[in-house]
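I'd like to ask you about the structure that follows.
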């Protein structure tokens, strides 16, 4: 499939902490088409960031291990790429925008110094060219006074400005894919609106694919073409964004959407999912969501459900099993 | 049936002096700058606004967790802004707080039993023998059980901790609870559980809430009245439904319009504000919102707007409405921009 | 900036003033120096006369006032032993002590920072583990013992290096090594952990995501961030070095302030002790001041525009 | 690898059994997991045992000078580590010297820790002018290299075990005061303290019931790290001839007396020095481990 | 015991000299001079060094301690209160100025002038006036008969150049001294070194060694390694236990001399206690086995004494030796009404001031333990020790040294009178006897008087005499150096083979 820019197959990642090992990614499959925005939603700890770091090759070397699976970017499998080759991809073919604009910029270097880095790494450019390129990109993300800003330090900028700088950093290499890991979570709503709009515009202009990680269904609704729902290290549902909101198949996705305050009558109790997200070391046999699922039956506690596919809609739930569809 | 006023805030100010390290001059942060509002018995009053606008500071000042710089705090008809620590202490059994961070607000060295026993002991509430029973009851109400009594906070999840925090506040059966972003730190699926709990408790004990949040959809769902803050000032107060239906202040409008859509097919008109929130240490002159306001006029840069009252206690501080002749026209302009 | 300097200057004055006061009183209540300087057969009258001359028979508070009055003008009295200006004697030893302390500091930095960086880079490898073990052991070795061991091997057994005395660079080797050993261990450890701290930071991940190669990442990005805490530590450790210099100077007969102070303590040559205290407190305060400025310089967040 | 198997099995067992362990149990299971911590613990334990049982386990009278047998090299005439310039058994003296080190280390940590903690709490909790004055005093004390300060004080107030503890404590309390003060300041700002105020707990109770218990960890960590410093400082000062009385078998003294024999009798300076190194090593290892397990965040301190 | 070093290797030792060509000398010295001003600091370390720059009027013979002429050629008593000295002619100071009677007067007046704060002044208090009779003759008048003036002149007085001191002032003169001595000042680096060069016009002839450096190395081990490494050519005060090590080194030899410094165990009679009883004091003399201490602790380095004076003292007479007799000691203590088993005495000692001092104290303690007397040894820092003595706060016994002890009057007067605390012994009769004897001017009567005093002091068991210290030097094998009894290091007397 040549229109796939990224394809992740059965990814499993394991961490060593002390003498224990945990496996926060326990089989993840998804793909992004060229020009598409794919949303990944899931609650804290569901493995969104780990997955994205794996794609960037930025997992901690000593303590983490990809125990199985492939990450195919542009036809190449990244899981067994050498560090040196990976470096050529990063900031060039794939870029990343991180969650915390406050801490993601180095406090002791000027904005200009930090922005020139991907150019120094991937392009042969003179100092002048580098500077003008940076100023161009900064203008593109709507930063005023770009000529001055490049000589300033991160702490002199506000959160929104820093996130814009982060976005411009990602844009510099003109990548085919941008991964944005909760790019607006740390920002205020009004600033979030600015940044989301900016990202939409930029994606359109530059013809890139966007992997947008978030825990906010609103952001998904606003930005994405397709959505992957993660829960405790697994993908439980994948669908077109409209399809997902109109016809969620997995009880977890249903629960999430139902519990949005806007879906509930004012001043009444909200729909809620009981219990809490299991920690990676609490995961047991069967479906990972079974202990919180209002529809769970025996099988759910015994066997891990397979992926059921209905067109472009996938769900990992026994309810979709054709042999067992007595429940609504 | 006009409800009694439980809490009234008049011209409250709280300024912080902070030293900027050794190389810079001290700056004066006007975290809360002359705000007034009142909360009726049994209602849920919301404070909303962007980060750093002074919501928490307002809450903490009302509870006298920090001392106000100026202004009045009248609780149940009694001025409390100058009460000394020990007199304030005895008042605290009727006003309590739920904190944002469920991890930081419980002493890691105390068991749940100790944490819940302390308020009872301090205020000599209930006879000694009954206290444990009350605690067990409370635990049940917040969805925990007796077997959790001797555990330490770190053995609980965030949602459970927040419930313990709520239990601690409610166990004294106070009249008034300030909840400072009680759900912001929680996972989406847990957030609704905690909101439900708060709604239940309000029903059961007839509580009055001051609910601080930046999440407009939560506010819309569970509060009765809302005050919108910007840079230490209240720019608009209204009944919740009224505010969401008919926001007056450009900032409120922008805020509401910035909330992400809840369904992909939803169309939404957006007022995208330019620029960032200015620092409260150095607020703009005149109307502090004028730097980002799409309708800013000359007067906005110079004169701070007075509150303008609309129907049903809906108030907004904006020059657009002070000029009574052009009022209609401008309202129209805003609503159709 | 000027504000800050003035403020710090007052702080230094207060600190030095209090230090002098404390030591003055401690010294005065500890005993009387006269006996040690006069010949043993000196008659009582002469002892009295001598005390009179030095003013040791006046009320303590008067002595203190007098001392402070003169000290403010830089006059700490004359050495009881040599009757030379006490402050002058102390100042004349400063170069030797500085020579020792600075060369130890330099050596420590030159060895420790690359070692710490390397150790952080090669974290959890054998290299790192051996390095960490060595630094733990290094911190446990008291400097005077290390000095003795070095003397035993290099001076006594193999006769390669002189064991003491001042002057030539050759004489500097063993005392410098002795003095530097502890700091090498400490700095290495600290650099390593500062480096590891920085390497965990989000902004390093950002740089990696821009495709910066590891070596450049460490040398250009992480190191500069780590330098901020390292500078603070180094400034604090200059105190340790100055303190350690006392012992090292004694072990290696190095003619610096430390040894002078030691001897003066033994001889009860109090004007020198007080002048020494003054100088050390002053140097220390100054070094801390410089560290603050440096800190401000490398840390743009507090740099003045 | 195979040798660590039982340990990891233990770890797994602890892990699957969510039953809560007692403090001591966790302490040891944590300790078992770190060989450096274990080594430090073993060294400290043996040191304490040696210093308690000193009299009974010395093969010779550590004070008895047998002039005819002076400067015997190690392993002669039943003297494991040889004899010193007065013919006293070095091994026995090192064993007796452990007591001095243990006493100095513990007593100083106790006294300096107590004073420093109280002052730190007062300064941090009450702030205002009390804080300003106390912290100025701390600054003054810190404006002087520790070892030099102790040396000056000790030289002035005179030698002896008691005096050296006094001078070490005078030099040492400031660190505690500083750290504890900043801990208290940080704790004051913690939300759970605010929560106490909001509950209506009295200030005194907040201090005693909520702040002080949270100080134990930093105090213990700091004390364990400082003990090594005190032991080395005592040895240094004794080495310079100011410390405990010269006849006392203390390691610093032994080095002081032995240094004149460095050319002829290496064992006089070797073994007491090693004793100091091993002790300091043990204390440091244990302290590091404590810090790492109790409070990973204190690392930068 | 002259150093009998091992095999004669060809001396190709790297940094060491090759035989005769060497004409410089480096002396390892434990401490800096306090000042280079003559007649100011009584300290041994100062005096030893500056005596190479300044000359005295009268010298001592290095081996016998007898007076010999130096800048003064003759001295005589004109009457009980008047002394006349004849000075050497043709001696020049390093700056070319002539040495003459004026310089002698100036130097003595310097001591006497209060403003100079000379530590010597008390010793010279009896001197009333110095008169210049002619350029080569001075007369000294004393206020009371002052027989020990010659000793004072010998031990204290060094001749300075008046013109120079007046011209540059004392501050400079104290740092860049001018004398008539064998060596001229070159450079002084505090706590580091003092460099001197030969005075080619020295009145006794050109010195064999051309350059001298005193290098200050306070630590013995450092001195030792500097010596073994060939950095220094000789140093004094080696611990007895290191003698063997030095003897076995290739290029080294040991120099030993029985010095004029004596060590003793003082028995305090200043306050009430068993020691006020003569029998107890005698018992202690019986109970201390000096020979054993000398042999086992000092390895035999030291010369045993039996009375208050050392052999080297003028007017020394042999006195009765108590010897070692523990039974007798017990007997005497019991006679005095004490039970030795119940007797506890304190013994204070300095540490490192005298050879093996604190060890000797512990040795004495264990010897006394043998007769049942318990001894508590208290080791003092030197300053405290001295202060305790001077403030008369000592307990029962203490260890101290005294020297250089050449003259009976100074020794006896400073040790056994009520005025002087250094042996803390006082006895009314003895005190009278001392005063009487000191005033005697006639040589024979004086000898008689001191002889009696010595016997009486031994009879009274005024102290437990221990020994004359052995001064031990480590010397480069090729250096000709005869250690002097007065501890001085006169480089003029030395030469290279």
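As written, the chain order gives the labels A, B, C, D and E, with residue 1 at the start of each chain.
Note that a contact is a pair of C-beta atoms (placed from the backbone, for glycine too) under 8 Å apart; a residue touches a chain by one contact, two chains touch by 3 or more.
This is a predicted model, so every value here is computed, not measured.
Two chain pairs, C-E and B-D, are weighed by contacting C-beta pairs, with C-E ahead. Put simply, the chain farthest from chain A by mean CA position is E. One simple way to say how far apart two chains are is to compare their mean CA positions; for chain A and chain D this gives 50 Å. Annotation: 53 Å between the Cα-based centres of chain A and chain C. The centroid of the Cα atoms in chain B and the matching centroid in chain E are 89 Å apart. For chain D, residues that reach two or more other chains under the stated contact definition are 158, 242, 259, 262-263. Annotation for chain B: no residues touch 2 or more other chains.
Touching two or more other chains at once is no residue of chain A.
Residue ranges on chain C touching chain A, taken from their complex, read 123-124, 201-214, 221, 224-225, 228, 298-301.
Chain contact summary for the complex, chain D toward chain B: residues 20, 190-192, 194-203, 205, 210, 213-214. Interface residues of chain C, counted against chain D in their complex, comprise 11, 14-16, 18-19, 22-23, 26-27, 30, 136-137, 139-145, 148-149, 151-152, 156, 193-194, 197, 229, 239-240, 242-244, 246-247, 250, 258, 261-262, 265-266, 273, 277, 280-281, 284-285. Note for the complex: chain D touches chain E at residues 65, 67-68, 70-71, 85-86, 158-159, 241-242, 245-247, 259-265.
Of all residues in chain B, only 50-51, 157-160, 187-193, 195-196, 199-200, 214, 216-218, 220-222, 241, 254-255, 257-266, 270, 272-274, 276-277 touch chain A in the complex they form.
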